[in-house]
Amino acid sequence: MISIVVFPGSNCDRDLKVAIEKTLKKKVDMVWHKTANIKKSDMIFIPGGFSFGDHLRAGILATKSPAMREVERLSKKGVPIIGICNGFQILTECNLLPGILIKNRNPKFLCKSVNLKVDNNSIFTSSFKNNQIIKLPIAHSQGNYFADKKVLNSLEDNNQVIFRYCSAKGEINSNFNPNGSMNNIAGIINSSKNVLGLMPHPERAIDLTIQDDGILFFKSLKMYL
Amino acid sequence: MTKITKKLLSQHNLTEEEYQKILVILNRKPNLLELGIFSVMWSEHCSYKSTKKWLKTLPTKAPWVICGPGENAGVIDIGDNDALVFKMESHNHPSFIEPYQGAATGVGGIMRDVFTMGARPIANLNSLRFGEPKNSRTNYLINGVVSGIGDYGNCVGIPTVGGECFFHECYNNNILVNAMSVGLVKKNKIFYSAARGKSFPIIYVGAKTGRDGIHGATMASAEFDDDSSENRPQVQVGDPFTEKLLLEACLELMNTKAIVSIQDMGAAGLTSSSFEMASKGNKGIDLNIDKIPLREKGMTPYEIMLSETQERMLMVINPEYKKITSEIFNKWGLESVEVGRLNDTQQMKIFSKNKIQCNLPINDLVKNSPEYDRNSKKKSISVKYSSKKKDISIKESFKKIISNENFSNKRPLFSQYDFQVMADTILGPQESDSAVIRIHNTNKAIALTSDCNPIYCKADPFYGAMIAVAECWRNLCAVGAKPMAITDNLNFGNPEKDEIMYEIKESIRGIGVACSSLNFPVVSGNVSLYNETNGKSIYPTPVIGGVGLIKNYRKKATISLEENGKIFVIGKTYGHLDLSMYKKIVFNEETGQPPNLDLIQEKKNGNFIRNYIDKYNKELIGVHDISEGGIIISLAEMVIKCNLGVNIKVPPKKNKKKWLFGEDQSRYVVVVREKNCIEKVAKDAGVFIESIGSVKGKGLKIEKLFEISNKELINMNRKFFMDCFS
Amino acid sequence: MKYRVYVFFKNGILDPEAEAIKKTLHTSGFKKIKSLKKGKFFDIDTSGKNSKDEISSLSEKILSNPIIENFEIKKIDN
Amino acid sequence: MKYRVYVFFKNGILDPEAEAIKKTLHTSGFKKIKSLKKGKFFDIDTSGKNSKDEISSLSEKILSNPIIENFEIKKIDN
């Protein structure tokens, strides 16, 4: 069973459900945030949106929901956890992932498609070629990844940076950094490598007539299920 | 009891005659609360007193129209038991005072109109008009408005997929913020506002009532003067998070049989919602005002009834479902309270501390609201002549136009909107002439656009309005959609002035003629009057929001180019330059008449384009309508978007300037593959077609005239909006 | 010169953020919170001569939104 | 008991919002501003006994994020 935790204000939960059903042909359990007991779950998604209105700091208020205690418990058991956009913000605020996502360098909301370089050395990206360049949409105003030097170095040393903003040719520099993230970080995993957070929205890119690089992302998960 | 003085009446925007009418209806003097209720119910905003007579003339019917004007939004049938619910509404005055909150609450309000009817909003658009960029407040206003729209829609999770943004000095002191929302509902699941049921409970749900925007509805109908920003009226603050909860909770409850009728609290809040529900259902209401959840202490019944706090709903509930109702609202963390009961008296009785505070005959108040046939007279327009009539080359003219604020690339604007959430945006902003949104889990899609050229409307409101409708129709055809219906937002000055009333009547007549001829009914709309400051009115701006249907979303057209493509223009080019953007931008001249519009030819050309997109999709590369700026601007937009080049030959014996910049109607640029049969198909359809060049290299090349590189084009074109939002 | 400018909502203006925070505090165990209000502050270091005037002008024009917010200026000594 | 909690960015951490405001100040003519920092404050009214502890716990756990922010609690007398 794949679970999606739904908070008041989540708004990419349906898109995610559709994407999982379509690409993985799996049933999805929508878990209301008040749930204090997630029975059986092979994988948990924390969707995008504006949980609790994004008030105070994006993600912080959602960390107080009972379902997040369950997510913490299951993450320790090795259950894969994936937070997308607001989900990423929630995972950093409850310390399942290091660092924090602060306001974009230009604090305005930004919706566009970006190029990303993928590290395929994770259970979440194994269908990609290493350093493959893909295109996914982003839509956020707080996606500027920040961590202190020590954390940043250990992320790099342990190959925990999975997605990085880049040019179409794969150049990684500030010209191709949409929000000011340190080291152009768009997605990271934790040190035990079962928790992923990413700002881009693979669930919005599973359609041949729109964008389809998200399909490979979900296909990677298939190998794990 | 408060004494009703002249001053009090004028504070309530009621005339002496209207007051006399109130006395006749009541057969006694009203108290202050009752006067307040009359004032908002009879305001221009709620009663449409200056325009009712003319709006009735609009064509509102077609076999696919399920519900025309009169409800919270219009509804059309798009097949397979699916229906679309849509409407446009203005928030002009509030946005001028407080751009962020004004625009945000405008978006919130229009979405509530849509989900009140049971529809989940699936797309938002917004049509914006600002003053000149050099005006000191313009930058502040546009930044506030755009973030307000973005933050609200993004948070609720509804994609903002299109709109317009136009600058002109006539909006220096009166900006326009018109928001449109489109929702999807099953045909058999539409909810209406007419109250039904015997002594059924009335439930209030959503935000607590505060002193927000008291007299907002009357404010929205009153002309500005210089004190307005000093008066600092209580503006409403938007809370998109509560809106999202309200949306989900209402839709969840609508899956049960609990809701009998429902109405959002928009302008004039509790007053208009309760009166409208009761009057439509021929019912009476006993309202216990002490039950209304309040945010502040010491609020009077007058304040409570007139408050415009956002994110609130009123509904009549089947008493058997009271428990499930409060369970669902609790789940979503929303407060829901029974505040009254229905009855058959047709009276509105408002109680506080067991005492009657207000006792008004509902139908007399609603149905006898004033209706005016105001004087109207055409006023000759003061002609604006250019100051500098020196010779400017075509190349220089073109550069001026493509760098102008009204043609600048809007990416920095619309990238502040989440236009992809819900994952059904097939064509977002700037990809084609209309946004295209898939109907979830089907092959169908809808096309959406909004249009109006106020410069044409000022010169000739009748022709200008017709052209707005035609342009909207054209933009839908240009993506391959069948135009279905429109919503309109009529923005004008003070209707008590003869020349403004003339503009209103003529615009409505123009919309009527164009819509009838194109079989393009009006299913909803909104009127915003008194857009004037210090006696200076905006140009007449009847904004048209159009909706079209695409059967198979894979067969659509975008504004694309492809190497070696052949470029054609559909429709005749005469070279009409009066009132064109060429004249406006290059010479600051607004003289003459709008271009001619032949609705029969419009229909022919549009049908041809749609048919071609559908039947010859394999040989088609791109389509773009030709409107403001003429052929050269359409081509430049295609070049910029695709980062390719075109090589254009002005046909022999044509005046180059006129041919390139003329704004003749009913035309499209079509780009097709080398092997094609477009000329034959066009001839068979009786449509004029002209070959003008091909796709080659990079840059815009007009043979024997000039060539501009892509780099230069792109830089000129993007500068204005990049600077505006940095 | 250093100043701290406090910006806060006028009385009666809805503050959705404070409401949402309060609710979450209640549900996450901080039940004794009776009220919560929110504001911003800005610490400004300026070199101008008429700096107090300048600070109040920019507080009104840029730091606050006079339609819905009030502000207060305090001088800070280093 | 009433408390005011100040939350502000740690030294050396770039606050994009403060930077944007500073830029606006400069472009709108307030050129003498040397530095600008932005913070938030919360006025909290609580009825708890150990309320000071409670306030510092919620300041730490919810109102601020220790990676980027510090906080300070002040008691307010009515």
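Chains: A, B, C and D, in written order; residue numbering restarts at 1 for each.
Everything below uses one rule, namely that contacts are C-beta pairs under 8 Å (C-beta built on N, C-alpha and C of every residue); 3 or more make two chains touch, one makes a residue touch a chain.
The structure displayed is predicted, hence computed values, not measured ones.
Undergrad: Count the touching C-beta pairs: is A-C or B-C ahead?
TA: If we tally the C-beta pairs in contact for A-C and B-C, the bigger total goes to B-C.
Undergrad: Report, in whole Å, the distance between the mean C-alpha point of subunit A and the mean C-alpha point of subunit C.
TA: Centre-to-centre distance between subunit A and subunit C: 33 Å.
Undergrad: Taking the mean of the C-alpha atoms as each chain's centre, how many Å separate subunit C from subunit D?
TA: 10
Undergrad: How many Å are there between the centre of subunit B and the centre of subunit C, using C-alpha atoms for each centre?
TA: Spacing between the chain centres: roughly 36 Å.
Undergrad: As a quick test, compute the distance in whole Å between the mean CA positions of subunit A and subunit D.
TA: Taking the average C-alpha coordinate of subunit A and of subunit D, the gap between them is 28 Å.
Undergrad: Which residues of subunit B are in contact with two or more other chains?
TA: In subunit B, residues 239, 241-242, 333 touch at least two other chains, as defined above.
Undergrad: Check each residue of subunit A and list the ones that touch at least two other chains.
TA: Residue numbers touching two or more other chains: 52-53, 55-56, 61, 64, 106.
Undergrad: Hunt down the residues of subunit D that sit against at least two other chains at once, touch-wise.
TA: Within subunit D, the residues that touch at least two other chains are 62.
Undergrad: Considering every pair of chains, which are in touch?
TA: A-B, A-C, A-D, B-C, C-D
Undergrad: Report the residues of subunit C in contact with subunit D in the complex, numbered from low to high.
TA: Where subunit C meets subunit D, its residues are 6, 21, 24-25, 28, 30, 32-48, 51, 54, 57-58, 61-63.
Undergrad: Which subunit A residues qualify as touching subunit C in the complex?
TA: By the definition above, subunit A touches subunit C via 52-53, 55-56, 61, 64.
Undergrad: State the interface residues of subunit B toward subunit C in the complex, per the touch definition above.
TA: Subunit B reaches subunit C through residues 97-98, 100-101, 207, 210-212, 232, 234-235, 237, 239, 241-242, 295-296, 309, 333.
Undergrad: Within their complex, state which residues of subunit C touch subunit B.
TA: 12-16, 20, 23, 65-68
Undergrad: Write out the stretch or stretches of subunit B touching subunit A in their complex.
TA: Residues 147, 150-151, 154-157, 239-242, 244-245, 331-333, 411, 414-423, 425-426, 441, 553-554, 725-726 of subunit B touch subunit A in their complex.
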